[in-house]
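Below is a structure I'd like to ask you about.
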Amino acid sequence: MDKNNTEQESYKLVSREYQRHNTQIAVKENIIGSKQFHVIAGPCAVESKGQLLETAWAVKEAGATLLRGGAFKPRSSPYSFQGLGEKGLKYLAEAREETGLPVVTEVMDVRDVELVASYVDIIQVGARNMQNFFLLREISKLDKPIILKRGQCATLKEWLMAAEYFLYGGNSKVILCERGIRTFEDYTRNTLDLSAVPALKNLSHLPVFVDPSHGTGKWELVAPMALAALAAGADGLLIEVHPNPENACSDGQQSLNLKNFALLMEDLRRLAPVLAREMVEQIE
Amino acid sequence: MDKNNTEQESYKLVSREYQRHNTQIAVKENIIGSKQFHVIAGPCAVESKGQLLETAWAVKEAGATLLRGGAFKPRSSPYSFQGLGEKGLKYLAEAREETGLPVVTEVMDVRDVELVASYVDIIQVGARNMQNFFLLREISKLDKPIILKRGQCATLKEWLMAAEYFLYGGNSKVILCERGIRTFEDYTRNTLDLSAVPALKNLSHLPVFVDPSHGTGKWELVAPMALAALAAGADGLLIEVHPNPENACSDGQQSLNLKNFALLMEDLRRLAPVLAREMVEQIE
Amino acid sequence: MDKNNTEQESYKLVSREYQRHNTQIAVKENIIGSKQFHVIAGPCAVESKGQLLETAWAVKEAGATLLRGGAFKPRSSPYSFQGLGEKGLKYLAEAREETGLPVVTEVMDVRDVELVASYVDIIQVGARNMQNFFLLREISKLDKPIILKRGQCATLKEWLMAAEYFLYGGNSKVILCERGIRTFEDYTRNTLDLSAVPALKNLSHLPVFVDPSHGTGKWELVAPMALAALAAGADGLLIEVHPNPENACSDGQQSLNLKNFALLMEDLRRLAPVLAREMVEQIE
Amino acid sequence: MDKNNTEQESYKLVSREYQRHNTQIAVKENIIGSKQFHVIAGPCAVESKGQLLETAWAVKEAGATLLRGGAFKPRSSPYSFQGLGEKGLKYLAEAREETGLPVVTEVMDVRDVELVASYVDIIQVGARNMQNFFLLREISKLDKPIILKRGQCATLKEWLMAAEYFLYGGNSKVILCERGIRTFEDYTRNTLDLSAVPALKNLSHLPVFVDPSHGTGKWELVAPMALAALAAGADGLLIEVHPNPENACSDGQQSLNLKNFALLMEDLRRLAPVLAREMVEQIE
């Protein structure tokens, strides 16, 4: 269960040995895991219809191909904002209607899996739930793409074993997302382990995304680490964007404002072709 | 959510400021959090009725006051033994009938909370679920003692905020259990942070237990660390014991056999009085 | 050089396989590594003759058998107090004259080894210099006991390989001292890894001490962790004591005042016999 | 001294507040810290004149602007290859004569500083010696560029305080080199913290290099992480290259062979201009 595992613990279906070619996952016109480089952007938490729509239109114009937003928020303290719940899901669905962007949100409660799945295009499993095995089993029954974030202190092997739960359960549309690990360094919120990207590309056939927002915890470090993730071979990014970060209900300090996000997208567009990647504009 | 929290995140009800006196929790004749020093012992996983009963009688004779055993096992790999499920719960209930020992087991699925609660005397939340907030909320509605294990990479503050979910939800019968944190050291499975014991005694009024089995991952280190936990001020221990560890379905390498457990209990009995602690024999 | 070493890297002379019996080191009448439990106490830094003497007499009366004090201080910042240098060594020698306590101090510069050795009874190598291999080689030529502190991020294997440099160089009077490792936890200054004590007892024949002052960074955690170290099987303790910690030039927050140190010594005297250890009073 | 420092500990001269413009360091025709992107390449250890010259010519042809090679090797075990010592320095000087590449090597012993300085163009301080303060002081007296590698468990603040020793001592030609930190992850030798690059660019005016060889410990991860370092804003790279890694005296598993190094240089040349960086060819 921990680092020094008994040999019985292992993974198979997610491994590169088991499947040589890269897994490609279609989300509407987008093919994740192909040469396309995708950016999933949006607020940490859905706070209001207005906030979500403003962000959705802005990130779409800037070139994001998917919209993210938290309806159920995992919060360390019971006194922190816990999210809008189903109302947040409704806003996400409406934002999709209006902008045409597929939407991604996190599910935390095994009892909410069906509900969340009925609203969104991609289900996210957060770092805290990477080893919530009953949640993994329930989600594995869905025919929907999954983003599996790396646990804060999960080894690559443990992460792949968690992903194995999905394929073992019948759902192979799994995207791995590096979001930083916990170390002694306290200047950054986490330590973004970009070497996980090429390492996972060797070990597994699953697409790999990077979340530089949680990975650094500081908005001013997000753009350089986003470019670095692209250069390291990531298939896409998950980025927190907020119309005005200083008033965000959560994670303001690590969210890009609309202008800085647009600048980052321009840099990514310049860099992608040199790395044999193409940025897709969202087609309506 | 991570180390560098926004100020809004905090805890209150679990703090020493909020309640000066130690919380004491009655489990049958036992008063956890009093001068009594309690040892919860048993196998990592309930494997069979025979294995559980043999262990139960042996740990009781040796002086353990509660019986532990896993019915639902969190396993990093889907290919590992996942536990006997409800059958395991039934065996635990039978072992209590026969030996009179109150029983402790872990619940992982929010949908199993009622079921598990109907069988056992203390509900355990494992390290992987310390921040499974919906599970915490569901358990907080019960009128049953809880053991909350520390997450593998949880700070003391995050651990106390997780415990706050229980008190905030109405259940104040919470026992904190240090079980080792993840570090760079790979000789031990985890690094047992015994300084958490006096630290938590300063920060909170809740009882603190220590699990040297998961904390070290090596049976030969369990006894010295168990004595150290008592000396550091812990209110009790959680120890994995198996009739023959080499054939255990899980965690054999960190389980004490019956003989070594009995020797440890003798040492604890010698040490306790010097530290103003008393070992209770289980009364039938 | 790092965690994943090539097999060529190893240790031999320090191992329990190479020498079954415990190494015992005589320092005047004291036999370190025997049944005796020794406490080395004193200020982090020698600040003045008065401060050192007051501390020396007080710790001796309380039962300490050796005096520690820093003359050369490793400081992260060039703007921090760097120690009194040779004047500090002179004060240590005078304190030994007056009190009869053997003295311990740290050497940092390979060019100071002879000088420091000419003043003190035990040479200390600090955590930052655990892998300062030229310093280790130079010290290995001395016929003087050594205290080798564990590096902040050294594995047990790396620590033993560092100790191997001394035995390989001809000096086998080596005492290992656990002083805490660096982890994500920031409530304590370091995470005191007490499991290192029984682990090292299995792996090596060298005496093992514990420094709960650096290991916790908080004076209020020092006493419980000192008792825990004794219970875990340590051969002794290294404790920072200061006449008035709030005015200390360094490490005030982790230093015991004279009264609290005396109380700790009483507790240790009560505990030792139960653990088959004897506390020696310093003989003049 | 550790994470929780007293306020007295700090840095000033290395900070961006103290000097707004980037420090630029001339090494022959090269200007480190300018728009130029420099690659320092060579074997972990100088093993023979032939091995060094073959590598030197190859990395020069591929576009490296400086040659690295270890003469004094810090080895965890006394039984590992310790380097050729002064003979290695002579080979480095000869390689410079023949190829015109400025050379870089590590100094470990304060007594060797003058000797090493007399042979090489840039002095390297390794991770293990980042807080070897007397060594830092001695080197600060030289009028020679320094590469200061990050300690395996050094925070950014501690790293900058170590660099402060050089500027405080009079030598401001300091290059910081991220080489990975120690974490729980054991798939890689260290965890390369690329977020340190933009973070240091905000905190300090010193040039920042990245060593993906030690940072990953696996040659197959070196190229993607080298590209990522460039994208993250690094001023250059330090890369281990060996004519046949499988027979290297040390670090073979993380060394690129000549062919793979040449391929990496081509990728860097394609990427640099997009990031407003220019790759310089070494001028003879």
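Residue numbering begins at 1 within each chain, and the chains themselves are lettered A, B, C and D in the order written.
Convention: a contact is a pair of C-beta atoms (placed from the backbone, for glycine too) under 8 Å apart; a residue touches a chain by one contact, two chains touch by 3 or more.
In this text, all values refer to a predicted model and were calculated from it rather than measured experimentally.
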Maximum centroid distance from subunit A, chain identifier (CA atoms): C
Pair sharing more residue contacts (C-beta pairs) when A-D is set against A-C: A-D
Rotation, 0 to 180 degrees and nearest 5, that superposes subunit C on copy subunit D via CA atoms: 180
Whole-Å separation of chain centres (CA-atom averages), subunit A against subunit D: 34
Centre-to-centre distance between subunit C and subunit A (centres being mean Cα positions), rounded to whole Å: 48
Contacts with two or more other chains, residues of subunit D listed in rising order: 3, 153, 182-184, 186
Chain contact graph, described as a line, ring, star, complete graph or other shape: complete
Subunit B partner contacts - residues on subunit C that touch it in the complex: 3, 153, 155-157, 181, 183-188, 191-195, 197-199, 202, 215-216, 218, 220-221, 224-225, 227-233, 270-271, 274-275
Interface residues, subunit A side, partner subunit C - complex: 153, 182-184, 186
Interface residues, subunit C side, partner subunit D - complex: 1-6, 8-12, 74-81, 108-111, 128-129, 131-134, 152-153, 158, 161-162, 164-165, 168-169, 182, 186, 189-190, 214, 217, 250-251, 253
